[in-house]
Structure formats: C-alpha cells, structure tokens
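So, here's a batch of structures to check.
Heads up, the next two complexes both have subunit A, just with different partners, subunit B and then subunit C.
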Partner chain A sequence: MNFREVFQHMRVMTFKELIQFRRDIFLLIVVVYAFSADIYVAGSGIEMELKQAALTVADYDQSPASRDLIYSFRQPQFKYQGMEMNADHAMDLLDAGKTMLYLEIPADFNEALLSGKPTQVQLFVDTSNSVLGSLATSYAAQIVAGFGIQKAMERLSVGGAMGGGLPMVNSAHRVWFNPNGSDRWFVPINEMITMITMLSIMLPAAAMVREKERGTVEQLLVSPLTPLEIMLPKVLAMTFVILIGVTLAVFGVLGPVFEIPFRGNMLLFYVLTAIYVFSTAGFGLAISTVVNNLAQVGLMVIMLLSPMLLLSGAFVPPEAMPTALGYLILLSPMHHYIEIVMGIFLKGIGLDVLWPSVMGLLLVGTGVFAFGTWRFRRQFG
Partner chain B sequence: MDSAPVVRIRGLVKNYKDVHAVRGLDLDVPRGSLFGLIGSDGAGKSSTMKTVAGVMGYDHGTVEVFGQAIDSEAAAERIKLRLGFMPQGLGQNLYPDLSIEENIDFFARLRLVKADDLVERKEKLLRMTRLDKFRDRAMKNLSGGMKQKLGLVCTLIHEPELIILDEPTTGVDPVSRRDFWAILAELLAEKGISALVSTAYMDEASRFHHAALMHHGRILAHGEIEELIHLQPGTVVSVAVQPQLEALNRLRSRFEQVVALGNFLRVFVPAQDASADEVVKDVLSGLEVSEVQTDTPELEDIYVGLLESSGDGQAVRDLPSPPEGTVIHLDPDRPVIEAKNLVRDFGAFRAVDHVSFDVRPGEIFGLLGANGAGKTTVIKMLTGILRPSDGAGSVAGADMRHSGSTIKKRIGYMSQAFSLYQDLTVVENIRLYAGIYAVPPKEVEPRLRWIVDLAGLEGMEGALTGSLPMGLRQRLALGCALVHRPPILFLDEPTSGVDPMGRREFWDVLFRLSRQEEVGLLVTTHYMVEAEYCDRIALMHAGKVVAYDSPAGLKSDVEGRFGQLLEVRCETPYKAQNVLRSGGFDDATLHGRRVQVLAPDAEKVKTQVKSLLERAGIPVHDIRRLPLTMENVFVQNVLDLEHKAGMAA
Partner chain C sequence: MNWARFTAVIAKEWAEITRDRLFLGLAFIVPPILMVVFGLGMNLDVEDIPLAIIDYDHSPQSRDYAYRMIDSRYFDFKGYLHDERQIAKLISRGDVRAVVVIPPKFGEDLVAGRAVAVQTLLDGQFPLRANIARGYIGAINANYSQELIANFLSRAAGFSPDQARQQMGNLRIEMRMLYNQSGKSIWSMAPKLIMMVLMMTPPLLTAVSVVREKERGSILNIYASTVSRAEFLLGKLVPYAGISMVNGVFLWALAVFYFQAPFKGSFGFFLLATAIYSFTTTGIGLLVSSFVKTQIAAVVMTMVVTLVPAILFSGMLFPLSSMGPEAQAIAHLAPAMHYGQVIDGAFMKGIGLEKLWSSVVSLLVYALVLFVLAHRFFTKRPQE
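Up next is the complex of A and B:
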C-alpha cells in the first residue's frame, strides 16, 4: 500500500465529485431547497394546533345559559360561525367541510340548569383530519365539562355557604426546552433531520449511478483505483455538501426564521452530524448496487425513507410502540440522531448525557456503512 | 406505373433549440426504390426520417409523401396507414414481454388488418424471416438480428407502400445483417414497395439502389450508387512499403486521402493522365516497395473526398513527441499481451472458450466479432476485472491471474463511451486521470500540454467536455488513456458514432502511436471495414477464435476455401438472383441492383453464370471480380462453422 498514491487518488476523486456537484444545477437546486424552503414550508405550514375551527350552533333554548355556553367556545381555537336551526342543512355544512363542529342545545337547557336537573348538549365533530378532529373533540368536551362544573359551583354557592370547601387540585405546569410548546420548533428541526437523512442516502447513490449511466464506471474499474477509492470520495464529498446544507438550515432558517435557540456545543453537533451522514450513506451505496438510473434512485429512496421515518421515533415515541418495534427502533440510526440533535439543540446537553445515543449511532452507523461497502465491493467482485 | 416520387422534400429545416439537425435538405425517393440515407450520427438522418413518417414536425420547407403535403397532424394521420416506420434501436417499437406472434398480432390489430389477411401475411413473413420456429419466444429473449427481423415484420404487416427504417442494421452482427438485407430486397421486389433506409455503415451503400450522402444536416450528394462513385473519379492504390512512417509522410504531402491499413498504405489518386500506380511509385522512389495493387474507389473515398472539397475536412497532424519522464518499460521482445486458452463460464454458459492470441509491441491487433461473441469478456479478463475460469495469460509482463493491480497500473483503456466526465472541462479530465494513474505531480503539466496537443484541443482547455464534438471527445479520451504513457492500450469500440473523416483521423493517430511509440494496441470493433486498419486480427464467434491472421492472410484463406467474389450487373437482378440460386449458386445474393456470387474458379463461373442467365432471358451487362471485404471474411467463416455444426448435430 502506497500512501502517497492512496492520498492522491482520494484527493483527485473527491475534488472531482465536488466539481461535478457544483455543475449539476438540478442537484444543486434540490439541496438548496431541501435545506431552506422545504424546512421553512414544513415548519410554518404544518401546525398540529387547533385554530379557528368553525362552530355552527342550533340553540333551541335561546337563554342566557345557552349563550354563555356558546361564548365559552372562544378564539383562537374556535370561531363562532352562526346559527343553523335546520338539522339537515347543518349536516350539509359538515359534509361540505364548511363547519367543523355543530352544537345542539336543547330547549329546556336553561330550565334544567336552574332546577338542578342533569341536561345534555349534542356535538357533531368532523374528524376526517383525525388530529384536528380529536383536538376539537377534547377541547369541546373540556369546555362543556368546565361549563357544567361552573354552573354546579354557582348553584352550590348560592344554595349553601360551602363555596370554599370543595376539594380541588390545581396543576401548575412548567414547560421546559420548548417553553411555548410550539410545533414551530419541533417540526422544522425534524424536517431538517429528514432532509439530512434523505440526501445522505440520495446524493452518494446519485453520484454512483451517474457513473453507471454514463459508462464512466467501466473506466474507473480498469484503473488502478480500488473499490474503496471509488466509493469513499463520493461519500466524503457528499458529506461535505450536506454539512454546508446543514449550516444553511441552522443559521439561515432555524435561527432567524423560527427563532430556535442553539443551546449546545456546535462542534459536537457538526461532528456527530458528519458521522451520521457518512454512515447513512451506506444505504445509498447499497441502493446504487441494485439500480441503474437516477429515477430508480428516487424511487428507492422514497421506499426506504418512509419506514426509516416511522421507525425513527419522530412521529410515534418508542414507548408508544408495540414492544418489539420499540426494540427495533434502537437499530434505526435516525432514532439515535434525533435524540442527539434535540438534545444538543434544545437541551444544550453534551456527551456526558448523550453518550448512549452516540454509542448507538456509532454502532448502527458502522453496521450500515459496512453493509453498503460490502454490497459495493461485491458488485465488482 | 406512377412515376412521381413517393417522397419529395424541399428545403427541409429542423432545429432542436440551438442544434440545427437538418439545414435545408432536398430529396426525392423514386417509387419502388431502396433508398439509402448514409451518414454518421448527428448527420440528420433520424430527423429527416421522422418528418417523413409524420411523427415529428419541422421548422421550414415542404415534405410530400404520396403527393400529399405533410403540413399538419391531420395530414400526417392520413398517410400513416400507407407507411410503416421502424425507429432506431434494436426492437425499440416492440414489446419485450410479448412473444413474436403476440407482437405481430398487436401491430396488425393496431393497423386494422383483417383476420384472414393477418394469418396469411403472418405465416409468409415468419417463413421468410425464418422466425416461424420461435413464434412463442418472448421478444426480449431474441438476438439483436432476430429483433430487427421481427421489427421489420411488424412494420410490414399492414402492407404499407413505403417503409421507413432508421438504422435497422446498427449493432447487428454481419451474418444477421446479410440476412436482413436479403429479406428486405426480396420484399421490395415482390411487393413493389419503396423503402427509405438509413445507415451509418458506409460499406452498406452497395445494398441500395439510390443513396444520399448526408453530413451535418445537409446532403453532400445523391443519386444512383454508380453515379455517386463517379463523382470523384480516381483510383485507389495500395502499397506495402518500408519504412512505413516515411512513406506515409511523403504520400500525405502529395495526396489528400492516404490511410495506413496494417502493412499497406492506401492512397486515393484522383483521375489523371499518368497511371495511378506509377505516380505513387514515383513519390515513393528510394523506399522499399514490395507490393502494389490498384482498385476502384469505394463510397467512403467519395464521401471523404466530398467532405474535403467542401472544406469540412481537417488537416492531418503529426503526433507530438511525448515529454520526458516516468515511462513504464517492458521487455521489447516479449508480447505485451499473451492469452493462452482463456476460458470463462457464467453458470452453465461458456462465454469464452479456449481463446489464445498474442499482441506484440508496436502492433495494432483487432478483436472482431458481433455483440455477444465474447470480445468484452476477453477484454475484462485481460484488464483484470474478471477472473478467468481456466487458462493463463500475461499482460504487460504480469500474470493476469493474480497481478490484477499491477496490470491496471500499466495499461491504458479507452471505452466505447469515451468515458470522460462530460461535466468536467478538458483540463479537469486530464488532471483527474493523471491523479488516478499516479503521475508524479511535477510531470502533470508537461503531459497535460502533450495531450492537449495530441488531441488538437488548443484553446479549448477550459471547455466542458460535453460541449465538444464527438471527434474531439474521442481524441481527448485517447489522450486521457495515454496520460501514464502505457505500453499497451485497450480500445473497446473506439470509433462508434464518429463520422468517417473523424474515424480516419483517429486511426491515423493510432497508427503513429504504434509505429512511433511502439505502443501495443488491442482494438475491438464491429465495423468490419475497420478491421483493415489492423496488423493482425482474431475473429471471434460464439466465444471462440475462429480465424487469426493478418487481414490479407484472412482474405486469401477465404478465397482459397470458398473462391473469389464476382459481381454481376444485369437486368431484373432479383429474378437473376433466384435463377442463379436454383442453378446451383446457393450463395448468390442481391446487392442493390447487382448480384454477388462466390466463385472457386472465376473464369469457369463467369461463363456458367452468363449462360444460366441468358438461358433465362436475362441480359447480362457485365461480370467483374471484386476484392473480398472483411465482411465477406467474417460471414463466410461463421456460415462455414454453423454449417459444420449443423452437419455434426
């Protein structure tokens, strides 16, 4: 093994990949988009919060109590849209998506409350968007229940002097790491991680498949380059490209647009990101051994990415998964990486706390990369 | 019979954004003619054919088919039932997963052929193309030649009056090519249809009745083949002379068309008073001339001559001498490549079967064969990519079985695709290869200048490789393969897609490399004409080397075993072919409007042929001897082998 030669090979090949990347307008646009506009759109567009849900009411009572209840459905979660006494018309509104909730208050509502008898209201909720639907349902249930308790309290305090004597528990929350509990922090970071994952699979695979498509791989194979010297420069160059993209995302979007504070150690973040990208590239190399063109790379990446995302714990926490899946998630490099990024970014913690995730990333990443290398070398065997 | 042309084109212009594919083209295809569009890739053949077929619009001019102007989609639809179009590429219009019969049925239904007609036509066409035995085989499992025959059947199933075939023989082996032309000639003669056929093979011109020579979207010349040959009157003189380089330079200074073909130098001498061979000998006085032959020129000579007189020709350049520096030295007395009984099996399939040959320093060695003959597998074994199943060999003085990495450092390799990075500039490509081949950093600059000089790329150093014309890209690829000054160069189909002019220039560089720098060259090609450029040839078929000698040696061997080639010019050539076949000349074949026969005893056969034809009432104009081509050599050798295999079975 001649180190001068190996170094020369690595240098010219890595440099070549970077020049090619710079001249490939299409890939350039994809990468810039992925690390800027895509994160912005994801972060500001997708909000899993109930806002301005349209409420239509059939108030058969028309009493102070019924009006009280209606006004308890407040902005910003709900928006009172008006009366619709005809039940058929109201159903049409629900079908057409023009209202999300339909509340029916019976004619004896006020009377029942005054006389201390139990009464009911009926609520129809459009839950075709299950997240928003269940949010609306539970908020509405809370509001109605709160209204009921309030009315009961009023009656009790009017009836006897035991007002202060009722047992009650008040919870006082302190929300840490994301004080506003806003999706505007979690979603964009998560999106950035998804983009890093996607591109670290796609870019090396694309670089390799391009050689296949244009027939240049044949030339490389008859050259003194070893399979590793063909493969590693692509991964190195693409890792470099993705780190630049990450810089764009962190300092161009996450910070200034979403005002996400970076609490941890920047160097640690970059080193671990590089390791993550480098090892995830193993999937890309494995893909490149079975496909023949860029379109197939795209399809494979899509196919691979959805289980990776599902198994990453980004959407469903591992604790909520069936036991077997909960263990399987430990094999997902993305899961460890998410723990690391959220930890460094939002909690500002270091290796002392993150070491299990870092170990996990290193172990799983080495496995993935070894798998990719094995596939890659085998195809030329 | 209607004498109006079936296709009439005037001032056709077709642009693809900034690319001018066709620039002002006039063309008449006479009814009943087998009309050839001859030119290299990018000459505008496909664009012209697509406009005639009505599948593509055009920018200016008029196109009339069957007297109807094709100026709208509706007009194109009206003529579509009367013509058949087969696009470029093996089996491009066919469905890979359907069987032969299903493909034919599909096209017939698409063209609303009646069920009774379909059965009759299908059986006849399948019989003619000898595909009837394979009717249930899926198209994807057919050989290239069979795919093209099936494509032809599908194009003909609705009995069109005009068929348009875009490069039907490209990538098809010579034997299947010969079959294809025979079938086409038969169909044309029987059905009286017209055909517009394009080809990149200059030597296929003799198959046509009329031809147009195309270059850069224009027609250089068109007319009957005989007329075309007379456009540039002259004689071709081939001389064997030593020292070759000196002779080549002298002839170059006197004549425009001089090419080195192995041991021979081939000169096109324009018609003049003195006899051509005397003029050539005069130029070479003082050198050791051992053999002189004169021949009539071929269409390629005319084509190149026309290009040169139209100013599109390029000056031939001397090979710049390489810079001093690290060179790989080998024992000059040992062959640079030695293959001994190489075998390679893929499962039960034997791709390469006991192949032996050697390549000496300073020699141009040709590995010839159709796709699938095993050429690529041999090269892969010799370059250390693939392990042989059996046999031995050495390349550049290293054992190919366990010194793969040593071999890779010592050889140069240029592939079919001119494997350059199109998105890198000329200089970036050269530097990349210099790095890959570990050229010492101090020597990179002088070599870079040498390669730029060699490839004629001065002033284009910063241009993206993808923007260069094919010919320059090819020479840059050659330069990159030479960056570490290897003593051996492998060239895998190095001239595909390059025009005849560029091909000649390229072979000139190869010739000088072999003679000046003593580089051993192993070239594979499927252009049979290019075999003539080689010093020695190994002809491969079905994994075996079936013939191994110099081109002249191979030709005289075939001549000895099968006879000389005679060309008969007569009336009703198709009928004449059939008369000759039934009269005992089984190998009589139709070439355009002439019939070719192999004759073991030329004089005797001449009288036999004459009397056979005259008894059948066919007037004979002329019978003359033709030199054998490498294509004849290939076809005869392969047919002979298949015949013997058939006898054994």
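Up next is the complex of A and C:
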C-alpha cells in the first residue's frame, strides 16, 4: 500500500461524498437552516429571567401603605394585573395560568405598620414551573422584607434621628463574562453546539447507511478500497461541511445578529471544533454498523443525542446533577466541547486554562472514534 | 375514502413495522429511556452553587456573616480565598460560580452603624443560575441586615432585643406554593417530559416511512394503485399515531408511579388530548415527507423542526412569560406548547376540558391543518 494511492483514494471518495451531499437540495437547505435561522430563532427573545410575572391583588386595606406595597412589585420582574377580591375567582385565574401571583393584603395592614403590631400578607405563587416559582418567591420575599424594614424605620423615625446611618449589608453584584446576565449570548452559542453535535453524528451515519440500504456498499467492498478508505472520507467530507456551517453561524449570526464578542483565539476554536466533529463522528460510525435503515438511524441518534444535549452541562451544570451522572457526563465529548467553546468565546481563555477540557475531549474523542472504527472494520473488513 | 383500501394500507404499514424487529423495539424502548434519563438528570433546582469567600476583615462579624453563606443549603462552600487575583482563574474553569468579597472594616463599620457593601462576583455562563444565586445572596443579606438593625435599635433606642426584633419584623409574608408544594423540579418536569418525548420520535418515524417508499421506489405501487392520497396518508399516519399513544400511556405510568408526579385530573381527558397530540406530531412528519426526497433529509429536517421547538419553546426550560414577542409567537405556533398546557393542567392542577378546551381545540386545528397541507403537497403524479 503506497501513500500516494491512499491519498488518491481518499481524495476521490471525499469528493464523491461532497457531490452527493450537494445534490440533495433539501438536505443542503436544512443544514444551512440549522446553522443560521435555527440559531436565530432559538436565540431571539428567550431569557430565563422572571419578567412580567402577572400579579393579581386582593387589597382589603385600600390604604396608602397597601398601595405602596403593590407598587413595590414593579416591572420588569412583576406586572400588576388588577384587583380581584373574590378568592374563588382568583383561584380560577391561577388555574388557568392567567396570573402567576396572587397577593392578599389584610384589612389591618396600614394600622399595623403604623403601630408596629405584627401583620402578614399572603402570597399564592404558581410554582408549576419550579424555576420561575423559585425566582418569584425569592424576589417577593425580598420586596416584602425591604418594605417592612423601610416602614419600621419611618415609624421609629430612625435614620434621621440616629444621624443618618444604619448598620446593614448591601449587595453589589458583578456578573462576569456575560455582564447583562443575558441569555441572548448563552442560548445561541448553545444552539450552535447542539447543531454541530447533531449533524456530526447523523451525517456520517446516514451517509454510510444509505450505501447499505441502496446496496452500493457492495460495490465499495469489492473495490480496491480498504475499510478505512471507505469510512474516513465520509467523516472528512462531513467535517468539512460542518465547519463551513460553523463559519456561517459564527460570522453570519452570532457576531452580527447577537453581537456576541469573540474574545479568544479563532484558530484554536477551529482546530478544536474540527477535532470535536471528527471524533463525534465515531458515534455515527458505530451506529451505522448496528442498523440497516435510516429509520433506525434516526431512532438511535435520538436515543444517543437527546441525553447528551440535555445532560452535557448545556442547560444544567455538572455540579447540579446527581453525583453519578456528574461523573458520567465527563464521558460526553459534548461536555468538554461546551466548556471549550464558552471559554474561548466568552471568557477569552486559551490552552493554559482550557487544557483539562481539551485533554478530556481528546481522550473521549479518541475512544469514541476508535470504537467506531473497530466496529466498522469488523463489519466491513 | 374507501374503508377497505384504507385498512389495507394500515395493515401493510403495520406488517412492515413489526417485521423490522430492531425498529419495533426502538420505537417502544426509546421514549421511556429518554423520559427516565431526562427525569433523573434535568435537575433545575438551583442548589449547591460552588461558592468561595474572600474575607479581608477577619473580624467576628465577618466570620458570622460568612457562616450564613456557608451554612446555606444553596451554596457549596469551596473555601476561603486570600487574593482577588485567584478569582478569575477559578471562575473561568467553573470551579466556583460565585465569590463573595467581604471588605476590610466590615465589622467596624457595622458596629459603628454604617452600611457596608459586600460584593458578589458571579459566573454568567449559566444566566439562570447566576440570577437565582443573586437572589439567594440578596435574601441572606436582607435577613442579616434586619437582625443588625434590630440589635442596633435595641442598643441605641432602648428597646429590649425582643421588642426591637418584633418592631423590625412585624411585616411577614406567607408563601403558598400552588400546584407543586415541594417546589421540587422533578415533579413539575414529569408532565412536560411526556410532551417533549412524544414530540421526538413520532414525526421522525412517520416522515421516514413515507420517504423510504419514495427512495426505494415502492411508492410507484401506490401511484399506480387505486389507493387515494387521503387513504395512503391517513393509513401511514394511524399506525405511528397509535404507537405514539401507547407510548403516551407508558410515559404517563412512568410519571405517576416512578416519578411520583401527582395526577389530579381525569385519565380520559389525558387520553383524548394525547390522541389529538399524536395526530399532530405525526402530521408534522407527514408534511415534512411531502417535501423531501431522501431519508437523510427527512431525518435531519424532522429533528431540526421538532426537537428545537420542543425543548426551547415548550415552556419547560424557559418560562413562556419571559420570552420576547418573537419567541412567544413561535411558541404559540408550536403544538408542543398547547399540549404542555393541557397535561400540566391535568397533572398539577387537576383541571379538564372545561378550562383547557381552547388548547385542545388548537391542537385539533393543528392536526387538521397539517394533514390538509400534507394532502395538498403529496402528489401521485410527481414531475421528475
């Protein structure tokens, strides 16, 4: 086996794959869509913050103090929706999801605040979305506590009389890497990673299974090509396609539309992306040896991909997972890749900090690709 | 519509499904596996946020304050830092997600009755968690301040400590968490998971089943036969909608018996909604199949158009009310959201058709529109 011959085989086969890909117009459209419009759609407007949570109030006091309190629940977190004194109707509103919070202010509210007698307001919170629920409860608790302190200080006329100062701890926050705490950066980057992962598993698997299903794999097997020369060009061609897609996403959507700063090294990003795509294709190759038709490919990819997407730390960081799963996700190449992309994009860090993730990616990637190759050679060798 | 021809198409499709053992197995095994994996792994409770503290003061007050953070179940204390320059590296690597910096003279200022600002540095990579962590720290600070002021009053204004505390804390808030008293995400997730999992496989299976015939050429038999377009498409739809419904019941059982999600509504209502939803999701596959010619394109396209909306726009990870107008519009266009509202109501709130009819009708309209569109675009006389 001489080197030039191998190179020649690989080149021809890679071109064959690219031509086949180009001729499937719908596939082409879908891939372009995945790296442009899909990222735009996912990223535009989704924010994981409590915003405009509807608040309905039963104010049995109707005093300046109660109006003050209602006014403290202000935009953008809360939105005053109106008064509803009938508790049954209020429950209906909660049932139907028309309001998220229902606040009851007792009739003695103003008087209690003036005299210092204990009183309590009651807040019903729809927590069927637990994330929203916990945000709403924590904001509401802060608002009411702050209101109570303020009224108590007015009542006792401290502040003025005490020479202005009161011992208290104020919070000053600084959010790093994403100063507005905005999901307009986080979600689109995640979406791009999702698309890269999905396509880098699916395209090589589909390219291989298509040959099986149509019977053209027999032609390849009787040709002078070795199994590796059949397999690698498919991966190379799809890696090439995906890298073009990534370029479209980075320079066409993430930068211009979402104004995400690219703080790190572009070359490093491309090299590591190529490694990621290439090694993740190993999953696709392994799948292609197990299945016989594309319906099965679809199911296998979903079974493999969905847990990977949700459990690789894209939405939930590893420290929030049960311990066993927290270790298990170290085996997911996507997990390492997410750390790398977020690091290069948002944090502008290089290999000096990222090396554990890069090592993880290389180790897991090599393992996955070796497994795929082994399965492939066993079946077609 | 001829009943005999219609059932013949179903029988043919069903025979194809059952003869592909791997496929048949996957069609029933994949959904429950997804449900269990997601249910166990998608913990949206924000607890154990890795936290480090820099204490420049080293006074009894600053230690007391730090212990409020350390003792909180929301934070996982990783240790004291000595130097602010360490922060960048630790947060970059994700070793800690929050750092609290207690300034010098913290204790002295508080004793003297001056306000102190404590700075918190948060990792913005996971914005939701950063926001919640900020809320927790704010709550701890508010609580601590209240006590400080009470103590201060008792010294300065001559109240007894109890009186001062009562004076400062006379306004209380009582929280009633509805529908999900424990606030644990696994409960609230289970119904949404059913919605998501049922969106993942049925469209794909339906689309591929039609496109496979196109790619292999066996569709010519259909073109040449007396089977009408509606009979063919509906015959393709029914077996996969059936599989989806059976899976829906399995997933319901998983949600109720394994995840212990409360099911307060009526099972009949759940079945009805799931049946309509199944026809909607398979309808998406049918529509996709009328555009594409190759199975690869069918697989990629259904995954892109179903997976993303199901995860992002269904209100599972991101609350609908916090989306921008464009995203809200998309969410309302996606059937997943409507079904999500229906089963959320059936599980958590125990409400039925009388309140959720508009969502059910929306689903029904979806199913019909998708089928009509697919019917329109599917032709027995393709022009090559």
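As a working rule, the second predicted complex is superposed on the first by the 369 of 381 C-alpha atoms of A that agree within 3 Å, B and C clash if a C-alpha of one lies under 4 Å from a C-alpha of the other, contacts with A are read in each partner's own complex, and residues count from 1 in each chain.
Here, a contact is a pair of C-beta atoms (placed from the backbone, for glycine too) under 8 Å apart; a residue touches a chain by one contact, two chains touch by 3 or more.
Computed from a predicted model, the values in this text were never measured in an experiment.
Partners subunit B and subunit C, brought together by superposition on subunit A, clash. Contact with both subunit B and subunit C is seen for A:D24 once the two complexes are overlaid on the shared chain. By the touch criterion defined above, A:V253 reaches neither subunit B nor subunit C. Subunit A has more of its residues touched by C than by the other of subunit B and subunit C.
After overlaying the two complexes on the shared chain, residue contacts for A:V12 are found with subunit B alone; subunit C is out of touch.
In the superposition on chain A, A:S223 makes contact with subunit B only, while subunit C stays out of contact range.
When the shared chain is aligned, subunit B comes close enough to touch A:G215, but subunit C does not. In the superposed model, A:L93 lies in contact with neither subunit B nor subunit C. Shared contact residues of subunit A, touching subunit B in one structure and subunit C in the other: 24. By the touch criterion given at the top, residues 2, 4-5, 8-9, 11-13, 16, 19-20, 23-24, 214-216, 218-226, 380 of subunit A touch subunit B in their complex. Residues 383-385, 405, 408-409, 411, 413, 415-417, 419-424, 428, 431-438, 464, 490 of subunit B touch subunit A in their complex.
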